[in-house]
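Each of the next two complexes has chain A plus one other chain: chain B in the first, chain C in the second.
So, the complex of A and B:
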């Protein structure tokens, strides 16, 4: 997988992944689990992981494949 | 009426471009209508865009502007940018406008709902910072558009793909973990505050890494004359 492919993949999945995360957190909230007021830092963590993946695009081939 | 190319054959259609009468063997079907041989569009243009080289669909990007666009006013973009999301919409970046509004809404919700774990003051300042970030971001994007530079749909003031140590993602993840631990009552901020000098140690380690890594770009502090 080339770097350009990897960068494109990360850019492509960024929006959907964040949307899924928001939906999951609200679903947990509505299901009676942890409220969104307590779980919102997960969004920051996911955003950081996505940024980290994106920054690996300029540094040679990626060892670990897709999760 | 007969075909102009073959006078002995009856015409079955007329060219859309020139009106020439055509028989069945002369007409060229393209773009859902009939053309003569001279005016038929090139078949390469009728086919769809070539398939992308990567198997993933990239998010839509704003069309790159090749020519300078004097109609774009950075000042107007700044003023509109004070309204949440409108500055990005002025620049044609609709998705980014939505993201800006969502981030602002999240910040206000966190502050007003008491979910910030006793850090309402910091989030209040973040809201103000975000307001002016949106305005300045719209200003800079408008300046890029004015001078004809290509603008990404999700462009930001900060360079996203740096070459050095990925500091911003690590800071984001660390902040997220800290707030999550606090919100889930695993480690409270009051207990963490006891260990704040660890932040100084981490900063020192990062600076050490930045100075010692060969070929690293000079730090943004502007000390271009660093002696080794």
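So, the complex of A and C:
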């Protein structure tokens, strides 16, 4: 497996992971736990972690680079 | 090339199933459920996308084209907005038919509680009326010995400051006015103006000779032990009355429950509501209210008449009800009913036990099970436009039977005793629809007519269950007529 493959994977799972995080935060909000207005920084943290993974994997191809 | 995502089709299927459910099952409250559980749609969406990405990765098909794009994110944002909006609306308090955030600034206020000091007034001699005018708040009215009327309670005022609330408290003083044969209890809530909101919970003790007339917009009524009539009108009220000597009239525009237990007089219910419970009513019961929850009726000594528009028409009539009738939006069960019994409904599954005199059932859609537990069976006419009919004859019952199943079939436990005929509905050979008829009799008895326009009719010999079996002393060696033949 090349670094580029790995970086593509990390970037491809970024969307789904963020989606799941948003869903979970809203679910917690609606279930009466912490409100979304208080928990939204979790999204930034998750995004940061994903970016970090990406950079350790090396530079991936540019998004939308292929026709 | 980008592999195709399954998210689109899956979303369509989920949407279809949800709308189908909400169309088929009225108790499935789409809005409430969607408002609460929409975040799980996001989680599921993300989960599916994740699995997809991993599968594509394993197959080596993963390219930068597989990332989530602007279009998909736009959909996510829309879902979040719509979901949050629904959640916000569902959480609102809809008591006035509009959510709290539209009722002005009061939501920002604070609640202040004030005690309502006890006031007394001597009750007029003999029977008298208590007229209660309390727009918002609960009232508990209890009849006791003595000849005084005592009123106390608690007042809640929502206002921006304490001083404003105190001014409101002074303006809305409780009044007891005795004039002629009536006593008026007034909480004067309409004197409060502006954004302040008030509700008064009252405890009223009065002599048993009272009749009660109560009007309100929001608040529950709990009335016990008065010998006179009870008349309640409210926009939104739970009503509980017990041990009432006179008649009970209740009219609600919304209600979570109406319960009347041990009423000597008649009961008349109008308007709309949720659950209904009647037990031990001495007079006639007339229900023209549409109750959408569970209905339980028991021990009615005089005729029952229900005529309501609830998911289509619903009409029920019987002479007396020593037994029980239970109903929700889809099911009706009744047993131990003194007829003539008449049921007319748009869509209902009916299970009927013992009924005297006669049974007339007419349904647009729904199955009917008629299972008397002991002979003699009543004369019956059961019709459904779409649904199955099952008639289980108790051992020893005598009856004449005529059954017609259009576009259906007849399943007969009695064998040769009945003549079954099937014929095509039209001369056209391509038309496969057929009508099955059955006729015959078991001894000389009342006539039973069963008709379904689409469905199966089943004739059963009822097996005696322990509960339904007559006492040992009542059992006479009487073989089934069927077995003689």
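Definition applied: the second predicted complex is superposed on the first by the 57 of 67 C-alpha atoms of A that agree within 3 Å, B and C clash if a C-alpha of one lies under 4 Å from a C-alpha of the other, contacts with A are read in each partner's own complex, and residues count from 1 in each chain.
The working rule: contacts are C-beta pairs under 8 Å (C-beta built on N, C-alpha and C of every residue); 3 or more make two chains touch, one makes a residue touch a chain.
Computed from a prediction, not measured in an experiment: that's the story for all the values here.
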* Between chain B (first) and chain C (second), which, if any, makes contact with A:23: first, second, both or neither? -> second
* Asked: Who does A:51 touch here: chain B (first), chain C (second), both, or neither?
  -> first
* With the two complexes superposed on chain A, say which partner A:32 touches: chain B (first), chain C (second), both, or neither. => neither
* Of the two partner chains, chain B (first) and chain C (second), which one does A:40 touch, if any: first, second, both, or neither? -> first
* Once the two structures are fitted together, what part of chain A is touched by chain B and by chain C alike? -> 5, 8-9, 11-15
* **Of all residues in chain A, those that touch chain C in their complex** => 5, 8-9, 11-27, 29-30, 60-66
* To do: Can you check the complex and tell me which residues of chain A touch chain B?
  => 4-5, 7-9, 11-15, 34, 36-49, 51-52, 54-58
* chain A partner contacts - residues on chain B that touch it in the complex -> 54, 56-59, 95, 106, 110, 113-115, 154, 160-163, 166, 168-180, 183-184
* Asked: Touching chain A in the complex: which residues of chain C?
  -> 36, 38-50, 53-54, 56-57, 62-68, 72-73, 76, 80, 83-84, 87
